[in-house]
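Consider the two complexes below, in which subunit A is the common component and subunit B and subunit C are the respective partners.
Now for the complex of A and B:
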């Protein structure tokens, strides 16, 4: 890694701007889309055209109009307001779930690589079993196991997303960790008698950052899709709380009358995933260019 | 040598399946609410509850119950569904057959849907066609299957009303009912599989096409078509096998969603219903079957690539 000296004459915003300019185009476009999503999410939290759960704000199951650009659902709730209010719920669940899965997956994967032996063998069998259950099914089981009282809680949904991601992240982290643990600096740390957690945090983790960052972005892009599938199947957050997948299923029966009520939430979901995918694609390219994708 | 490698792989698969059975049993065990109150209702007398617990074997410790359950599963007996009081085999059997038909249609459709664009792109990487196809692929990648299903519904049921919006089939359904019912769900599944497969196949083909033996065949003056089908594709088959296995795991998840959207009476809807009803034996059976399919597909793909890859054959 080279550190470029920056002359103090250049102001901080200008430096940030030039740093931003040097990123791959895909990443910049992705960041712009994500910024828009964050803005809408914050706006939706503070203000929506109508309250998200207000019933009968117009004639139910009607299409596009100036008052209701995304139409009205069966109960006469304004779909645009619901899409906007759902934004922060989806972002919260997606982000928390991804971070949870990344955090524990990374720690367990790297420890597995570092400790090896029976610890590694048992953990790998266990993760292998979890991966053999298709992720949607694994998620649905976890939600059912939590019980009806907790089921519609956004934090619980986020934790389930994390549990589904965990074994997959652990596998990537372990593979990246295995390339690092034989290096001299790790051996030196071992000989110094440092504890496993300390070695993982100080020696192994920083040298596996590249692949793990890409994994983080990849998982973040998949989280809204998974959350949407839970909602769509009726296992996610419950009405009146809005969530895009749930809304797609709520308005499925209206598809013959007002297709716009499903296009609205669909558009929100697709653009978020598209932005995250663009960002991931750009990030992978950027790290590749910087030679950071393989563990050093 | 090869035999030993394959045998190890199979042993691995069996161990993993065993681990899945433990995970599933444990997860279902901690399902909330007492199983007996779920059957008898809250107003049941303690005596009735005790009798039922004994009847279901719930007075035994979990380890014993697991052993009994596993013993039954190994003999092909998946238990009795709590909600319908019918044997699980009876409940799942016909639904599994329905889903197998759906999955097969989707799979057959996905072969040309993924091979043709991938081949067209790989022949001229960097061309306008390649760039446009990649861009379309990237956009489609952001559309989850349930959204794709909604879009297809809008297109072919609302805008161009040619297809039915639900795919309910019964024993009485004739051949053409089946065809009409299967078109939308299988196309949705096929597209969502192909989106992933195209990217991987394109990269794999580009790699193979740059190899010396392909160059040689080209220089001999062989027609491009022959080079592609006789030299390039067979060598891209190893990775393709793995993609196929990946697709099957994706199919299992996708089937659940698609069956819900189109109200198709299949395996996925049984599973969702079982989860909603807390029907423990049915949940355990469906998840185990899904995992079995996934693990079998993966193991077969691995064995396939061991057999087709001479390097892997001699490595151990």
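Now for the complex of A and C:
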């Protein structure tokens, strides 16, 4: 996706900084929260207070303390360490799933808008059928279809997220594409006899960048919730691998005794989604201001 | 000159008095930018003042300010906008509501967007009356509405009041908009390009209507347009604006006979005209760029008589004759205005005698298949184009002319293969039968290039000019090195009079004319043999049009390319084409060499089109009556219901024969001798009427 800046070259860092300063406040807050999450995820990969799967690091099912700020679960595992370690898994699955759904959804949606006719009709009916299946059931079908060997593989979960997103993204992309495919420069490309993929890449996609960027950020915000739901219901990664949704499920029996063990992973999930939503909101406003959402 | 005395005298009767008016816009990085500079003009009661200038000169800003309508990022550093005794520039919202619509009314450019699509005409018109308290009782409103419609020449009042806007034609819609503006008896009418976008025949009707209103009601009108010829038909005086300054004010006849300012001369010189082409030496150079304007005369950068003083000091407006003011330091030193008409064929060059590139025979096109339900209800496919045959030779420009809906663009689309035809054939290069786009070999795709009407849409806003030109090269001329490609791009840009610096620019950084030339260059890099130009000039200013015409004529002189030029502008068509095809409702009415088309005998439709073209020093004849033409009998001539020279019932019952004289073909029931007589008779009568 190339959104080329037209402004003349000043020094690169100065331009970045002044560019950042000119962004909407919501977007800057969102970016700060996301940066914190990325930092924690990378830190969790290298170092955690305790190993994430070490049992009996203290007395099981106890609350906050200096040694265990998020408490300990029933098996005596440190919840903070598990939240930190889970961070990179959630980000990995969320990002990969979103990109997968966005990539194929965008291509299919734009092709559908460009080609039209039977191709468009059939593809759209198929996508509508997919959307009509509740996403949890769709996810369950996909996971059981993959078989038990792959069932808890994070990449598979990401793929499932992508499959859930794909038809929804495709509809947005098609709607954005329909505004562009009637333009004369697209007709000019058709008259040159260029192939459909070439037209999509060269002419249509750059002019749909605005709405699609917003959709990307929006989907990235849904992804952690979706992954959490899968984990909570037990379709996601398997213990001892930590994942926030799974941890909420594991510790829900302790909710009356040591609420912090569920609040911890919940807080992590909530801040990530909150940060992404702030970012999306700001991005939409920024692109609107820059005149990018409405392809002209 | 006792200018002051004159001004005092005029103050008593003037409806509008704009004095020393300046306007600034706050534009991001540049801060406050002056858009209008000390503008002064006045309009008397019953006077039509034309305001003319190229796009970006500030004429619309001035017009909308007269309605008290200002952009949020603007300020008025000096001056007054007097309507009667009120300064519109100083009013607050509540006071403005009492002025707008009641004392100053607007006729906007596009009637389709000016009318609310979901309200019946009755409620839209009544709304204005009620809002201003002009009429409140139902019977009074109804009476006023009928009165208004009669005033604007719509007689079928009950049906029209009951209609929705989309049920009316463009001309009828514009009449409704005018009626709406007139509804509260305003003192001043501001017209913002009221006929741009209408067909030439409809434009003629609207201009005649406005002239009639001027005589009958005597309100002051400010007529804003870029079309100087049009003003010659209606305006009493003309104000010429350039880059926010008034450069010349003169009575219309004086302006055309003895323009005082170099810009006005260029503007008049640039207009192609149905009698002659543009006057070579006097044409405007360059385009209006606000960034190039310094402290001196705004026109200095483009002026051929420029002297050092021009760049140093802003010229004051001086009266050079009665009611004739010019803002030029050297108005005394300019040579006498002597527009030597260039000989038509001199610039056009000889007609191509090359081989036939495109041959269209008995082409018929209809849109969309009739659905099953429609077929049961007895619907058939409506033909858009019927039995059209034409030929384009190498080195030749053939023009297709006609009103909107005549099928000219449809024919071009069929030639490109975007739509399919139901009957007939399109043959290319003598042997290749052209089918749909997907079935064509790459070589044919390369050799037939298409230039679109709207330059804003024909270039991808996210790609540079260089990238736009590189696409056809990489598609059609494979195996070139990067250097060779770059060379081709620069060469193509030179051919349309642009330089290398444009390669890295985005379409958003170009003017409309530059964009259109890039679009033409994009066609040229493919080295086409046939160039289809679909209304490529209609979105451009006259000075820019002149430049694009130059480009086309240069191409033609090289003698390699055949061109099919689609236009509704008969003046431009005369200036550039070798042959002309006149279309009406998808049928060829008249066809022949350009000079034969523009001389009697005319087809009645050609005659109507030519008559509707506004021309200085010519009063347009009474055209066809307003309102909807009577129903058409499908068995007869398609033009029968609008024809002013109708022969008799034979026109309704039989398809007219194609009559031929040499190279000229006319489809009419009258024979050619009668058509010649009719044309001379009607022209004679018109001259008598003018006297």
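Heads up, the rule we're going with is that the second predicted complex is superposed on the first by the 285 of 296 C-alpha atoms of A that agree within 3 Å, B and C clash if a C-alpha of one lies under 4 Å from a C-alpha of the other, contacts with A are read in each partner's own complex, and residues count from 1 in each chain.
Here is the rule we go by: a contact is a pair of C-beta atoms (placed from the backbone, for glycine too) under 8 Å apart; a residue touches a chain by one contact, two chains touch by 3 or more.
Keep in mind it's a predicted model, so treat the numbers as computed, not measured.
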Answer with clash or fit: subunit B and subunit C placed together on subunit A by superposition.
fit
Would you check which partner chain A:157 touches, where first means subunit B only, second means subunit C only, and both and neither mean what they say?
neither
In the overlay, answer first, second, both or neither for which of subunit B and subunit C A:34 touches.
neither
For A:229, decide between first (touching subunit B), second (touching subunit C), both and neither.
first
May I ask you to decide whether A:145 touches subunit B, subunit C, both, or neither, giving the answer as first, second, both or neither?
first
Figure out whether A:129 sits in contact with subunit B (first) or subunit C (second), or with both, or with neither.
first
So, does A:216 touch the first partner subunit B, the second partner subunit C, both, or neither?
neither
The chain contacting more residues of subunit A, comparing subunit B with subunit C, is B
Touching partner for A:255 - first (subunit B), second (subunit C), both, neither
first
Just subunit B (first), just subunit C (second), both, or neither: which does A:170 touch?
neither
Where the C-alpha centre of subunit A sits as vertex, the angle toward subunit B and subunit C in the overlay (nearest 10 degrees):
90
So after superposition, what is the minimum Cα distance from subunit B to subunit C, given in Å?
8
Set of subunit A residues, in rising order, touched by both subunit B and subunit C:
none
The residues of subunit B that touch subunit A in their complex are 15-17, 19-20, 22-24, 27-28, 30-33, 138-139, 141-144, 146-147, 150-151, 153-154, 157-158, 165, 249-250, 252-253, 256-257, 260-261, 271-272, 275-276, 278, 283, 287, 290-291, 294-295, 298
Flag every residue of subunit C that touches subunit A in the complex, lowest number first.
416-418, 437-438, 440, 442, 445, 449-450, 452-454, 457-463, 468, 471-472, 475-476, 506, 508-509, 522, 526
Quick check on the complex: what are the subunit A residues that touch subunit B?
125-126, 128-130, 132-137, 140-142, 144-149, 225, 228-229, 232-235, 245, 248-249, 252, 255-256, 259, 262-263, 266, 269-271, 273-274, 277-278, 281
For subunit A, which residues are in contact with subunit C within the complex?
2-4, 6, 183-185, 187-194, 202-203, 206-207, 209, 295-296
